[in-house]
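Order of writing sets the labels: A, B, C and D. Residues in every chain begin at 1.
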Amino acid sequence: MSSINAKAQQISAELVSNKKVGSYHHMVFSVGDLAFQAKPGNFVAIAVGGPSSSMVLRRAFAIYRATESGPHGGLLELVVAPHGQGSKWLTGLAPHTSVDMVAPLGTHFGIPTEPVRALLVGGGYGSAPLFGLAELLKNRGCRVDMVLGASTASKIYAPLEGKRSVSSLTLTTDDGSAGIQGQITEVLPRLIEENEIEIIYSCGPMGMLAAITEVSKRYGIVHQCAVEESMACGIGVCMTCVLPVTGDDGVIRMLRSCIDGPVMDGEQVIWDSNRRIPEGTFGA
Amino acid sequence: MTFSFEANLAGAQLPNPILSASGCAGSGKELSQFFPLNEIGAIVTKSIMVKPRSGRATPRMAETPSGMLNSIGLQGPGVDYFLENDIPWLAEQGARTFVSIAGETVEDYAVLARRMRNLPGVVGIEVNISCPNVENRGMVFSCNPDTARAAIEAVRRNIGGDLPIIAKLSPDVTDIVSIAREVAHAGADGVALINTLLGMVIDTNSMLPKLAQRTGGLSGPAIRPVAVRAVYQVHSALPHLPILGMGGISTGRDAFEFILAGASAISVGTATFGNPQALITVRDELSSLLIERGFSSLQDAIGHAHREITE
Amino acid sequence: MTFSFEANLAGAQLPNPILSASGCAGSGKELSQFFPLNEIGAIVTKSIMVKPRSGRATPRMAETPSGMLNSIGLQGPGVDYFLENDIPWLAEQGARTFVSIAGETVEDYAVLARRMRNLPGVVGIEVNISCPNVENRGMVFSCNPDTARAAIEAVRRNIGGDLPIIAKLSPDVTDIVSIAREVAHAGADGVALINTLLGMVIDTNSMLPKLAQRTGGLSGPAIRPVAVRAVYQVHSALPHLPILGMGGISTGRDAFEFILAGASAISVGTATFGNPQALITVRDELSSLLIERGFSSLQDAIGHAHREITE
Amino acid sequence: MSSINAKAQQISAELVSNKKVGSYHHMVFSVGDLAFQAKPGNFVAIAVGGPSSSMVLRRAFAIYRATESGPHGGLLELVVAPHGQGSKWLTGLAPHTSVDMVAPLGTHFGIPTEPVRALLVGGGYGSAPLFGLAELLKNRGCRVDMVLGASTASKIYAPLEGKRSVSSLTLTTDDGSAGIQGQITEVLPRLIEENEIEIIYSCGPMGMLAAITEVSKRYGIVHQCAVEESMACGIGVCMTCVLPVTGDDGVIRMLRSCIDGPVMDGEQVIWDSNRRIPEGTFGA
C-alpha cells in the first residue's frame, strides 16, 4: 500500500447538529474513531444532493474541530458557507440525516518542535481550521496571535470557545462593521512586528494567501497556508486541483492541492498562475 | 448454480470485467487505501506520454449537470518515470495493468509501443488516440480515419509479443463505426468506447469560458446514452471486435447496460471522483444483477440486447 | 438606465430572444393556458413535413441523468393541415412564428419552402436538416456537407421574399464549423445549434433497447456543455453568422451562457416538459441577469465570452 | 386561447399528510381552489427530486380524491407506489414540504346522463381514481359494483371511507392473500352477468385494460379506461405518450394519452401496439 490518503476512510457520518452562526453553518458530524486521525489543516469531502443528485462531485470542507469522544462518539465539526447548490443542500440538512464522507484528507499544518511565536491569519470561513491549530500550538508552548478578516462582520467566524488559546485576536472587515476597516494584510506588518512573529499560518481565499506571502517574504518568516483549489476528487486521482509549486530542487511542478496540500509553503507556491502555466514548469 | 464473472478483453484474461478508466485512478497508489487494486479486473493507467508534461493551466474542471468537464492536458511525468516507479509498484500489488499511451505524433506512438515490451503485470495496452495530433493542425487522431489508422499501425508494428491493443476512440465523429473498422484493420484487437465529448462551460460571473483552455472533455452519467449508443452501433456492425465500454458508469445497472449493448468489459471513470469505492460497488452490483437475471456467465450477457425479439 | 431586450435573429425582429424549441411546444395551443404566446420572442413549431406522419412506435422516450431520449419520429398532420389550422390560430394569438420544416428528400424541402410564402405571423423558417435522408441510406442531411447544402439551397431557391432561413444542425459530426460554413454559403441566414445527440438506453429488465426504434435524441441539461461548445466554435469561426442557441437551457443563467458564447437568441426545449412556464422563467431571469451585469442591451452581450482577456 | 389544458394550473402544493397504507403512500396536498376543478380520471404532474435533481421530467399521478374545502382549503389526495427514484423521492417527503404541481390534467371519466349499472375495475393503485368516481355515480343514482385486483393483499388499495358508495366489492389477488385467487378478468363475466352491468370503468396496468376490453367487447358494453403511458410532459407538447386509437371515422391515429386521455374508450384503443405502429395508422 502507498502512503497517500493513508488515514482516509469513506464513512456514513450522521449530522448531529446544524446551527446558523452569522453567515455560516456550524455543522457537527458523528464519525466514530475517524476523529482521532484528523489534524488541523486536514479536510473532508462530502457527497452532496442525495440519491438522484445531478451533482457528481464531492465538496471539500476544512475540519474546524475534531472531538475524539463524547456522547455521540468522535465528532468532526465544519463551518460551511451556503454558497452554491452543493453547500446549500448541505446546510439545509436536518440533524440525524447521514452524509457520505471521506476523511481525513490532505496535508496538515506543521507544528514546530520548539515553542515559537505564531500568527494565525484567516479569511472568511478560512478561520475554521485555525482554532484547532491554535489549541495545538498553545499546548506546545507557543504564543498564538490571530487575525481574522472578512467583507463584513457576519462573515467572521470566531466562536468564543475557539478563542481560548489565542493571546490576541484582531479583526478586520472591508466595510468596517467589525474590528478595523480594511484588508487583512494591512494589519499584518504591525502584528508581526509587535508580536515578533516567527511563523504565519493562514487559510482563506487564494488572493489573500498570495498577499500574505508577499508580507511573509518581506519579513523573511515561514508561511504555511491552506490553499483552496477546485477539486473534483479530493483524493489525488483526477489532477484537476493542481497549482505550480517550486520544489526544494528549484523545479516548478504542478502539484495536487488535495494530496500535496491543502497546507503548503506559501513561499513555494507560484501565485497568480490562474489561466497560465508559469515559465519553466516541469513538462511545460 | 455456478457463475463465471471472468472477462476476456481482446485476449486479456481478467477475473472480472471492471476496469478503472484512464486518467481517473491516478497512478493506482491514491486508490489503494480504499480497496486492494487486484480486486478489480485491471487498472488502466493515465495516458503515458514520451516526455514529462505539465498539462494545462487551471481552472481545469467544471461540474455540469450529471457530469463534469476536464482539461487536464495529459499531465504526467513521462514514460521513463512511469516505467521505473508506477509499473513495479502496481506489479507488487498484484494488479493487472492496462497501460494507456498517448502521443502527439505517429512516431510518439511507435516509441511508446517499443517501451511496452515485457512489463511485469501489464496485460494490455490502451492506445488513447483521442488526443491532438501536432503534425495535423492539432486535429484529434481518432477524428480522422487516416490518422487513427496510422497511430494504431505504429503501435502494432512496434509492440512485439501478443499484448492486446485496444484503440480508444473519441465520440466526436460523424461515424464512429467507420473509425472502429479502420483501427481494427490497422491491427487493434479491440476498441475502448468512449472518450469524453468536447464541451464548454461559460462562467456567468467572469463571462469567460470557465476552463483556462476554454473547452474540455465531458464525462459522467450525462454522456451515458451517447456511450451506450456507440457501443451498440459498433457491436452491431463489428460483432467480433471486443469492446471496452465506458462513459458515465456509476452503478452495476449502468455497467449491465454496456454489457448488454456489446461490451466485453467496462471502465469506471468519473464515478470514482464521487465515490472512491465506485469500482468495487459496480463490480458487486453487476455480478448480482447478472446472477439475478439468470446468466451463468458474463460471456452470455455480452451483446444480449441485440438478440432478435420474438414475442 | 434603459435596457433593450430586443433580439434580431438573422433579420427577424423579436421583442426578446426567447424562443420555444421545435417539437417541444406542441402546436402552441397546449402551452397557451400557461402564458400568452406573444410574451416570448417567437414560437418555433414542431417540424412540419409534406405529408401526415404517424411518427415512431412507442416507447418513444426514456429519462436519462439530467436529460431524456426521444424518438418521436416527426409525428404530425402534414403541411396542409398545419397551414389551415395552426398558422391562423397562432396569428390570432399575436404570436410570432418560426416554422420548422423537415424533409425526407431535397425535393421535400423545396415543396415545403414554396408553401411558406406570405403566412400571417410567420417571421422566419427553421430548416431542420438533422433528419434522415431517405435518398442517401437514411444518413442525416446535416451530417454531410453536400446534403446539408442541397437541402438549404432547395429552401433558399423556393422560399421567395425575405423570410430569414435558419439551418438547424446536428451535433453528431466531426466538425460542426464546416457544416455551418457550408449552409451559410448555401444561403442560410443563420444556424440553430444544436439538435439532439444520438443516444440509447437499454432497459435492464427487458434487456432490450428501451425505445422501440432503439436509438433516440438526447436533450436536456446533460448536453448543455456540448451545445455551448458548438455555439462558441461556430461564432468564433463565423462571427457574422447569427446563431439560435439551444440544448439544455432551463434557467436565465443557462440562456446567458449561450448569449455570451455567441447566440443571438435561444430556444427552450426539454425544460418546458418539467416546467410549462420555463420559457417565461428563462426570459425574466435572463433580462435580470443582463441588467445586473451592466449590459444596456442584449446585443452588447452576444459573444461577450470571446473578448480578449486583458488583465 | 385553446381548450387544451384549460383548467390546468402550475402551483406550489403543500404536503399535508403522508401515510403508508399497505404498499402505497396516501398523500394529501393542499391546493386551494384548484381542487374545485378536478374530476375523477384527471391526473396531476409533479416535479421530483428537488432543486439539483437529475430527473428532468414530472411524474404523473391519478387524483384519488379532491376535497373542496376543509381546514387546509382545497385538498388533492394521491395514492403513490414507491417504485423508482422519482416516486421514492416523493413518498419520502415530510409533511409541510411543498412540491411543484400541475393539475388537473387530462380527460375525466364520462358520467352517464341516466342512472346506469356500473362496474369499476381497478388494478393496484389503479383503484385510486375509482372511489371519487363511485361517489359521483352513486349521487347520480347509479348502482356501483367494484372489483379490485393486485399481485398481493398489500397492493390492494381500498380504504374504508372509499367503499361507502359501492354496493359490492370483490377482491382478487394473484397469490390468494386477499379475496379470490386469480386475475381480475376471471371474475368479470360473473360480476357483469350477476349485476347486469351496463358500463365498465377501469384503471390499472395496460395489460389489464386490454384484457378488460376483450371482456367488454364480448358483452357489448361500454368500457372507459384510464390508460398509463410514459409521459414526458403531461400537457400535450412532447408527443411521447401516444397510443393508437381508432376514431369515430374509423381512422387510427396516434393520440396523446395526456390530453386525449388518460380516460379513453377501451374499444377504440389498439392494445398491444408496443414497439410497432398498427397497419393503416394515419401517416404511417
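The rule is short, and it goes like this: a residue touches a chain if its C-beta (ideal position, glycine included) is under 8 Å from a C-beta of that chain, and two chains touch if they have at least 3 such contacts.
Since this is a predicted model, take the numbers as computed values, not measurements.
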- Contact-pair count is greater, between C-D and B-D, for C-D
- Note on the structure: So, in whole Å, the Cα centroid of subunit A is separated from that of subunit C by 46
- Determine the centre-to-centre distance between subunit C and subunit D, using the mean Cα coordinates as centres, and give it in whole Å. 35
- Give, as an integer number of Å, the spacing between the C-alpha centres of subunit C and subunit B. 34
- Task: Name the residues of subunit D that each touch 2 or more other chains.
- Result: 54-55, 275
- Message: If I count partner chains per residue in subunit C, which residues reach a count of at least 2?
- Response: 65-67, 220-221, 309
- Item | Chain contact topology (line, ring, star, complete or other) | complete
- Message: Under the stated contact criterion, what part of subunit C meets subunit D in this complex?
- Response: 23-26, 29-34, 46, 51-61, 63, 65-68, 70, 72, 75-78, 89, 212, 220-221, 250, 270-277
- Query: Can you list the subunit A residues touching subunit C in their complex?
  - Reply: 54, 275
- Message: Quick check: in the complex, which residue numbers of subunit B touch subunit D?
- Response: 65-66, 221, 309
- Item | In the complex with subunit B, residue positions of subunit A that touch it | 1-2, 4-6, 8, 10, 47, 54-58, 100, 102, 229-230, 232-240, 242-243, 253-254, 259, 273-277, 281-284
- Query: Which positions of subunit A touch subunit D when the two form their complex?
  - Reply: 48-55, 85-86, 88-89
